[in-house]
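Look at the two complexes coming up: chain A is in both, with chain B in one and chain C in the other.
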Partner chain A sequence: MTTKGMLTSSSLENPWARTLDSLKRTWYKFSRNWLSVLGLVMVVTIFFLAVFAPYVAPYPQHSGKFVDFKSKNQPPSWQHLMGTDTIGRDILSRIIFAFRNALLMAIVVLAISVPFGTLTGLTAGYYSGTWVETVIMRVTDVFISIPPIILALSIAAMLKPTLMNSMIAVTVSWWPWYTRITYSLASSIKNEYYVQAAELTGASKIYILFREILPNCSSSLLTKMALDVGWVTLVGAALSFVGLGEQPPKPALGTMIAEGVERMPTQWWIALFPALAIMFVVLGFNLFGDGIRDALSPEEA
Partner chain B sequence: MKNLKSLLYLIILVALLAIPVIGITAASAAEHNPESIVRWCEDWPTYIDPAVGTDFSDTMAIVQLYDTLIFPNLDGSVRPHVAEKWDISDDFLTYTFYLRKGVKFHNGDELTAEDVVFSTERLFDIGEGFAYILQTKDAQGKIIAGIESVKAIDDYTVEFKLARPFGPFVPALVRLYILNKSQVMKNIDKSNAMYGEMGDYGKKWLLTNDAGSGPYKVKEMKMEESLLGEKFDDYWDGWEEGAPDFFKEFAFPGEVAIRTMMKNQELEITSETLPMEAYAALREIPGVETIAYLSTHNLQIMLNTRVPPTDDIHFRKALSWAMDYDVVVNDIWPYYVQSVGPVPQTLPGHNKDVLQYSYNLEKAKEEMAKSAYAGKENIPFTLSWCAEVPDEEKVALLFQVNAAEIGIDVEIFKKPFGLMIDDAQTVKTTPNGSVVYVAAHYNEAGSMLDTRYHSKSQGTWEQCEWLGSPNIDTAIEVALATVDEDERFKEYAEIQNTLVDLAPTIWLADQALEFGYQADYLVWPLAERVKAGKSSSPPMGYSFYVRDMKILVEKKAELLKK
Partner chain C sequence: MRLGPFVLRRLAISIFVLFGLSILIFLIARIVPGDPARMALGPRAPVDVVERLRQQMHLDRPLLEQYGLWLWEVAHGNLGDSLVTRRPVKQDIREFFPATLELVGLTAIFIIVGGISLGVISARYANTWFDNVVRLFSYLGIVTPAFAWAVILMLLFGFVWHIFPTYGRLTEGVIPPVTITGMYTIDSLLNGRFDLFWDAFMHLILPAIALALPPMSQAARITRSSMADNQNKDCIASMIAYGVPNRVVTGKYLLKPSLISPITVMALDIAATFGYAFMVEKIFGFPGLARYGIQVMLNKDVNAIVGVVMVLGVVFITLNIVVDIIVAYLDPRIRLLGRNV
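Up next, the complex of A and B:
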């Protein structure tokens, strides 16, 4: 590891070089497993397709108000790489547009449940043994005791079926897991010497929570977040499969599968490709999440 | 003495030997072959009580369990049934029916005029089911049309007095099912005083039992699941060789399951609501054929005429001109035909000369310009379609595309039929548009007009328009009261013109019912007729009259071996 020594010495002089150095090290740990790199490629692909959907989808108009019964149920061909559905719409285009909503859902759900879950978890962990912990963790337990899919289903069924409401439903069932994970980490980290030292020097509670404890939880949280993008997509697809997500004609992966299932096995492409698309998302983010865990793990290999 | 003892032993011995023999003969008379069964999967019948049930799956079961005074032929006419003949008074207000003797109920009681009187009164007291066809009350509860009173002259003569002449009275009697009075009275739940001293009028008991004299009786009724009916051996009109011993009607299991069941001979007739791709797949199964025939049902988008923007007549006309009907009848349902006005073309009294809307964007835009929404864009519009009929989504999506061409933003809702029924109960909850199939209840245009556009059906799924027009109400009442058929049909025709001009509905198509069935071992009179090219439009439910079908049991076993 001669290069490593060289980088370290140069990093002493230049803070940018130091950052670069740590990034390189992270990348090294990440890329040691080719599956992680594959996961990264998949994730980048999904984001690229979702962001540039109107430009990359062969038939962007097929994702909205569109019917063409003359070209329905066509098997995969050069015109339609994944075939057409019962309405005559290009399945590939619809999958690409469905990625948009799938990612939007994952991002919104995580953007709400991660800060909320982390904050409650940190507080409960730091004040473990007091009534604060009891209140927060028992409420969390109540939510965790209900299987997320059932909770999400019942919330989504009560509200009007829209993408927004299915996001709310999934968020409600998602935050407790972040509370739980942060709580368990925080309640052990708070006994570390550096936390006690900070307390003794008179650091504020806010400082201790966010500058001493939280950074030490971040690797677990980031890994979980990466994995969760896939899982949220899956739950979102389950909701739309039963008609509780994005409403037609806007594409949703679950809805597309539900439509296609009835056409199996003769028109297999209608259900198969959206199903593979879900698999692609879940697998991609799982491999990527594994990579992040490896990269951020403190122990040297 | 000894001889006497021997004789006694001999008698006992003979008696002992005889018991099993008698047992066997008795059993064989009642023994029905479980293989001789006709099964279909429209839905489980929610109400087999003829004073309550009205929909397709209900009537499919009720026609097997109960008898009526007259019977509908497959060509749309009627013939005497439990009533051998009838007289009509000169003022067309009194109908006297003479009943057949020896008609037995399933429990062995004889059917008499008293039972007819009871069944009529029960229907009106409960006021659900098909009551509205046979009697109309005004807001004060006064009977203004239909049957005013009924009485038994003697055991086999029953007399109906009408409030005013009712042209199609005799055909409408296909919806007066006869129950066994004494059996129902024995099963009344007195703890529920919903109908005064009649308690619950036997409603609870009749959810899972029958009190009829029809060719089949309830063998097993599983709520939310299925009805198994068994042949009634003592049916008054006798039985032909090969008539099915059982029928079973059960909940829609899904398209894929239907195909598998047809393949395995676990299902004889499919439901009629499958997408066209499914019928194509069914035709591939050996021994399975599909038939399609124009029915007395039509498919439409009902427009709520009391809420914006569909309260505007020009807006509604614009929509009627914007719909691409050809796609509906060519690409979505190839056997359907475009509707000509509000009445299905197979019904006597249909007016073929009414204006027929077509896909014409210029006219649509012209009408739009006359409406209060001229020049506006993205006008919000809510549309519900029935989750149980997957192909309705295609219509909804087509409508959405068509409406967008004239600046309307349609939001689509997939709703289970039960929720659509709930939504239809108030003006506010009824969406702008509802994709709905409606069937005529008896074979005349008047049935359709009365059900669809008379104010009395507001608040039910059969009228999501909330038309509430006193003029149309009166016109319908007058037409139904007209005894002379030509005269009556002229009045029907005029009402149809008025309605088309109001455009409360987008009449899409007359429904062709398409069924897959086991042509190799099921003889189905309706299918034979259709295949012979004859038109066939029995009232709802009668296309499945099991007594006239035949199961070729041996052929079936042979096919199964292959």
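Up next, the complex of A and C:
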């Protein structure tokens, strides 16, 4: 964290001013790299489009059941910037609405797997060398014995194909990676002098875990979270590509690509633009995440 | 070299993990709401037929007994019958797996050769225009998923340049080679049919590139950064000062320790390729495990899903053991002390 730097006199008195101070310093470091700022702009754009989809999408009614055979399979034009699909729906509008579920999925998956993974990882790391560590980490080993995409695909396959179930599938295959990263951080941090000092002065286990160890894992965890929004979107799209996820007529990026692939290469826009949209999301959150990593790492100025 | 005990221990751990994986996937298959037998037969099947299938699948027994029976069957090489195709899952997998294996194999070659060589050259010429171009493209490569690459490549080669075929495993109308391994490229070579080999190989190129680009870029980036880290070490500087030829320094003393992290990452990525192969195969109309996998997934064919996952689990765990052996060979600390650094 950046609290190590200079502290102005006002910041010593007022904790709010101190937070503001460290935020300012983080922002300064973050904004040094124009790629990070570009990432931030992309992330904000995605969130903006998702939240205000009904107002910004050119044809909001095209996000659901809508059929207009007169204007089907139209190439990109000024009326339809990204063309229309096989039953005449505006692809740009559908992409904007698809961002909603993609982001919702990423948020739900991370909101469950990050606390759970962090908690198990912290515990296993702090109690490393005991049976607690053995149990938690061996269970984790089993979960990460196959790549998350395959585990998520197979779990989603056995459930009913809905958005909710695809979220469950991705969450189940995602948390162990947070356990793993927190575990490796916590098991080395617990040997630091400040943790031993806290133990000697009789601090409670809860205090040590959450106030001494966790804050020192937070920069790695935050970076991973920012990157993971993109990756969860990607895996979610992979699930909906196979047909496991949000069901038509609701838009999902993967489903749109799968539909478009059947029309390749003549009606290329149906598949290409949703694919580019996924690329945009992953790229945005990657640039943003790398920026956060640079801004929060203490060594680099 | 004391690789023997090291490999043995790794093998023991892997068997444990495989057991865990089987329990996990079996549990998920059984605790899922809904009756697998009913789902397989459809909502209109008569009750007694469903009941018979339930008994056949041992669904009426307690969970632990079910697992025991299932494990017994698996130990005898029997993964159960597919609930959709009505054939043994093993037979289905044997039919569809070689095509995917062939594709993933070529992908792995692209990832390893492309990733490492790009990374090494990039590190060798660090901060030159070449390095910058590679870094930019590796970033783009990482963030673009395999199926997006598939769409882009298909567009370029199906629409603009007709160099590579964009559909299927062989040109339409061509009779596939006599089945020996099930992999067309190898079978045709064994049959001495070089024309067939060329045809099958050309059909593999585009899907393999689409699958390889993201992990290859990742490998290039990691290789470059770990090479760059090691380049600044004192031991390397002293080696250069002693007049050891550049080729030896790079090829032997720099490359060996720098390959450890890229190799570990590449193993994970190559295994994940099986997952992304589902999509890429569908886009290129490549009849591999994907078509089968998607079909069984959408039909809730529990036995087949469990079978496919177990096969992929074995592949991945084997891959990991191979990686551990390579890493142990590269890093004497692991080999001699048996410790993960």
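Worth a mention:
Heads up, the rule we're going with is that the second predicted complex is superposed on the first by the 284 of 301 C-alpha atoms of A that agree within 3 Å, B and C clash if a C-alpha of one lies under 4 Å from a C-alpha of the other, contacts with A are read in each partner's own complex, and residues count from 1 in each chain.
What we mean here is this: a residue touches a chain if its C-beta (ideal position, glycine included) is under 8 Å from a C-beta of that chain, and two chains touch if they have at least 3 such contacts.
Source: prediction; values computed, not measured.
In the superposition on chain A, A:87 makes contact with chain B only, while chain C stays out of contact range. When the two structures are aligned on the shared chain, A:278 is found in touch with chain C, with no touch to chain B. Taking chain A as the reference, the larger set of touched residues comes from C, when chain B and chain C are compared.
Shared-chain residue A:109: touches no atom of chain B or chain C.
Applying the stated contact rule after C-alpha superposition, one finds that A:249 touches chain B and leaves chain C untouched.
In the superposed pair of complexes, A:261 makes contact with chain B and with chain C alike. Look at A:69: by the touch rule set out above, it reaches chain B but stays clear of chain C. Applying the stated contact rule after C-alpha superposition, one finds that A:141 touches chain C and leaves chain B untouched.
In the superposed pair of complexes, A:42 makes contact with neither chain B nor chain C. When the two structures are aligned on the shared chain, A:241 is found in touch with chain C, with no touch to chain B. Taken together, the two complexes place residues 161, 243, 261, 264 of chain A in contact with chain B and also with chain C.
Within the complex formed with chain B, the chain A residues making contact are 65-67, 69-70, 72-73, 86-87, 161, 243, 247-249, 261-264, 266-267. Within the complex formed with chain A, the residues of chain C that make contact are 16-18, 20-21, 23-25, 28-29, 32-34, 139-140, 142-145, 147-148, 151-152, 154-155, 158-159, 166, 268, 271-272, 274-276, 278-279, 282-283, 293-294, 296-298, 300, 302, 305-306, 308-309, 312-313, 316-317.
On chain B, the positions that touch chain A within their shared complex are 254-256, 275, 277-278, 281, 327, 331-332, 387, 390, 393-394, 396-398, 400-401, 404, 411-414. Within the complex, the chain A residues that touch chain C are 138-139, 141-143, 145-151, 153-161, 230, 234, 237-238, 241-244, 257-258, 260-261, 264-265, 268, 271-272, 275-276, 278-279, 282-283, 286.
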